[in-house]
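Chain IDs A, B, C and D follow the sequence of writing; residue 1 opens each chain.
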Amino acid sequence: MTMLLMIVPIVVGIWVVATLESWVSTGRFRPGRPLAAAVAMLGQESLVPRRPDRILFEIAPPILLAAGIAATTVLPLAAEVIVIDLATGGLFVNAAWVYVVVALIMAGWGPNGAYAMVAGWRFLAQLIAYAMLTVMPITAVAMRAESLSTTAIVESQASGTWNVITQPLGFVLFWLAAMAVAFLPPFDHPVAPTELAGGVTAEYTGVRLAIFRLGRLTLILTLAAAVVVFYLGGWLGPWLPASAWTAVKTLTVVAAMLWLGRWVPRVRSEHLMAWSWKLGIPLALVNILWVGVTLWAVDR
Amino acid sequence: MTTLILALIIGAVLFGIGLYGALSQTNLVMIMMGVELMLGATMVNLVAFWRFLHPDVYAGQMFVLVVMTVMAVEAAVGFGLGTARFRAKGSVEMEEAAELKG
Amino acid sequence: MMPTIFIALFGAAAIWFGVRVFQTSSMVRSALSLLGAMAAIGGMFLAMEAEFLGVLQLMMMATEMSIMAIFMVMYMMDPGGLGQMDMSHQQREALAAGIVATLLAVAVALLVNWGTVAKEVDSTTVQLRALGIEIMERSMLLFETVGVTILVSMIAAIAVAVAREPKR
Amino acid sequence: MSALEQNALLAAFVASTIGLVTVLHLLARAIGRSQDEPAKDVPFEGGTLQPKPVWVRYHFRYYALALLFLAFDMEMAFMYPWAVVYRELGLVALLDMGVFLAILFLGILYGWSERGIGRQ
C-alpha cells in the first residue's frame, strides 16, 4: 500500500518541475500552467508524418516515460518510503537512463524527417560523452556505502559527512552528466530549438508530444533525486521530517539545474565529447583513486 | 528441473536463430548480429547452469561477465574492420570480400 | 512457479525479437529488434535471480545496439529498407544448419541427467559481495586478462578504423 | 520482499506505462480528432517540401570514439562488484583495480594519440 502512496509525491514532483521549468523560461510563476498546457496538448491534433516507421514513431515517447518511471521506483523518499529497495539500485537507475537514448534514437528515426534524424544521432554522440561520467562517480559512491542499494548509500552518509564534501569531484562530474542525460541546456542537442527546430520533437504533436514532455519531466525529477541520494545525503537533515528533506533538496537541485542552463551557451557536440574523454574520464579516475585512498585512511 | 530445461531450450532456439542469421546474411553487420544472438544464447545457458546447478560457485557469474566482454570486444573490432573495409571499397557486403582469400 | 512463467514469457519475447532481426529490411529496425531480444534475455536473468547480471545486460546492450544501429546507417546505401533489397544468400543451407543446431542442443538439454536442481540462491546483496570477492581473488588472473583483451581490441579497432593522412 | 517479487513489481511498474499511455491517447481521442488536409503530414524542413527520402547513408563523424566507448564500457561490469567489496579488502583491491584501469586507460591514450577523440 505504501507503494501506491509513493505515486502521489512523484506526480506532485512532476507538476512542480513543470512549474519551475515554465518559471525559468518565461520568468512568470504560474502554478496552473502545466495543467493548462497538458489539456491544450491533448486537445491538439496529433499528426503522423507522411512515410514514418510507424512502430518506432509510436513507441518512442512511451519508452522515454517508462525509463523515467522505472528510475523513480528505486529512489527513496525516506528510510522506509521507497517503491522497490532494489539491491542493485545504483546500477538500475543507470540502466533506466540508458533507455533514454534508445527512445530518442527511435524518435529521431521514426518520423523520417531530416531534423529529427540528425538530432537523434547527435544524442548518441552525447551518450558516448556522458555515459562513463554517470557510471564512474556512482562507483565511487558505492565504494563508500559497500552496497549498490540506494537506501544503503544514503545511510552511509548518516555517520560523518555527505558525499558532496568527501567527493566534490565526483559530485561535479555527476551533476554535469545528469544534466546531459536529461538533455537540459547547455547540453540540449537532441531538442535544440534554435538550430534544429525542436530536433526529435519536431514531428511530434498533440498527445504524443504530451507523453514525451511527461517523460522528460519525470526524467529530470529522477536525475535530481539521484543527485540528492548519491551526494546530498538523501533524507538526512535536522528539524524537518525525512521525506520533506528529500523533497526540498530534490526541488532545489531541479531549480539549480534549470537555472544554470539559462546562463551557459550550448556546448558543441564534438567539444562535449572531447572534453569528457580528455578531461572528464581522467578526473573520474582520479575521483575513484581519491575516494579509495581516503576510505582506506578512515578504515585503518 | 523443468525450469532448467525450459531455459536451455530457449537458449537452443536462440542459438539456432543466430546461426541461421550468421550463415544466411551477406552484410557484415547482420552477420555480427547473428553472432551476438549466439553469444546471448550462450549467456542464457550459463546463467541457467549457475542458477539451477551451482548457485554457490560464482565463477559462473564471472564467466557470464567474460562472455559479455567478448560481445563488446567483438563488436568493437568488427566495426573497426567494417569501417576500414567500407573506406576501401564503399560497402561491407561479404560476398564481395572474396579477394581476401589467400 | 512464478519464475518459470517469467522465464517462458521473456524467452518467447527473445525468440520473437530474434526472428524479427532477420525479417525486416530496415537496418535500424533490425538493430532495435536485437536490442529487444537482448533486453528480454536480461529479463530472463532477472527471473533466474541473477539480478546484477540482468540489470547489467539491460544496460550494456542498449548502448551497444544503439551504436550498432548507427554503424548500419553509415555502411548501408538504404538503411530504411525502402528498396526491399534482398541481402541474404544460401538461405536453405543456413536454415538447415540452424534447425539442426537447435535440435541437437534441445536433445542434449532433454537427454542429459542434470542431477538435483538447486532450490535456493543467495540474496542479491550476498551475490554481489561474492562476485566481488570472486573477481578479486580466484578469478583475478582472468579479470586482468580481460583488461588486456579490451586494450588489444581498442588498439586494433582504432588502428584499422581511423584514416591517416598521407605522410608528406 | 524477495528479489523475485521486487523484479516482478518492477516489471509491473514498467508495464503500467502502457496503461497510462493508452489512457492519455483515449483522452486525446475524446477531446478531438485531427483533420486530413493536404501536405499537413510533411516533415518539417525549413518551409520546403522534402525533395528526397531522409533515410539515406548518414556519415557520423565520431565513429572512432564510438569504437573506443564500446570496448571501454565493459570496465564498469567489473567495477560495480569491486566497489561493493572494496572496503573489506582494503588497499590491495585498489591496486588491483588500478592496474586494470591503467591498462584500459592506455587504450584511451592510444586513441587520443591517433586523433580518435573528436571528429574524423
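Following the convention adopted for this analysis, a contact is a pair of C-beta atoms (placed from the backbone, for glycine too) under 8 Å apart; a residue touches a chain by one contact, two chains touch by 3 or more.
Here the structure is a predicted model, which means the values were calculated and not measured.
With centres computed from CA atoms alone, D is the chain lying nearest the middle of all the protein shown. For this pair, chain C with chain D, the centres built from the Cα atoms lie 16 Å apart. In this assembly, the C-alpha centroid of chain A lies 32 Å from the C-alpha centroid of chain B. Centre-to-centre separation of chain B and chain D, using mean CA positions: 21 Å.
The distance from the centre of chain A to the centre of chain C, with each centre set as the mean of the Cα atoms, comes to 27 Å. Residue positions 65, 68-69, 72-73, 75-76, 79-80, 83 of chain B are each in touch with at least two other chains.
Counting partners per residue, chain C has 3, 49, 51-52, 56, 60, 63-64, 67, 70-71, 73-76, 80, 123-124, 128, 131, 133-135, 143, 146, 150, 153-154, 157-159, 161, 163 as the residues that reach two or more other chains.
Contact with two or more other chains is made by residues 86-88, 91, 109, 112, 121, 124, 128, 131, 147-148 of chain A. Which chains touch which is summed up as A-C, A-D, B-C, B-D, C-D. Residue ranges on chain D touching chain C, taken from their complex, read 3-4, 7-8, 11, 53, 55-60, 63-64, 66-75, 77-78, 80-86, 88-89, 93, 96, 99-100, 103-104, 106-108, 110-111, 114-116, 120.
On the side of chain C, the complex with chain B involves touching residues 3-4, 7-8, 11, 14-15, 18-19, 21-22, 27, 30-31, 34, 37-38, 41, 44-45, 48-50, 52-53, 56-57, 60, 64, 67-68, 71-72, 74-76, 87-91, 93-95, 97-99, 101-102, 105-106, 108-110, 114-115, 117-118, 120-122, 127, 130-131, 133-135, 138-139, 142-143, 146, 149-150, 153-154, 156-161, 163.
On chain D, the positions that touch chain B within their shared complex are 63, 66-68, 70-71, 73-74, 77-78.
The touching residues of chain A, when paired with chain C in their complex, are 53, 55-56, 86-88, 91-92, 94-95, 98-99, 101-102, 105-106, 109, 112, 121, 124, 127-128, 131, 147-149. Residues 65, 68-69, 72-73, 75-76, 79-80, 83 of chain B are the ones that touch chain D when the two sit in their complex.
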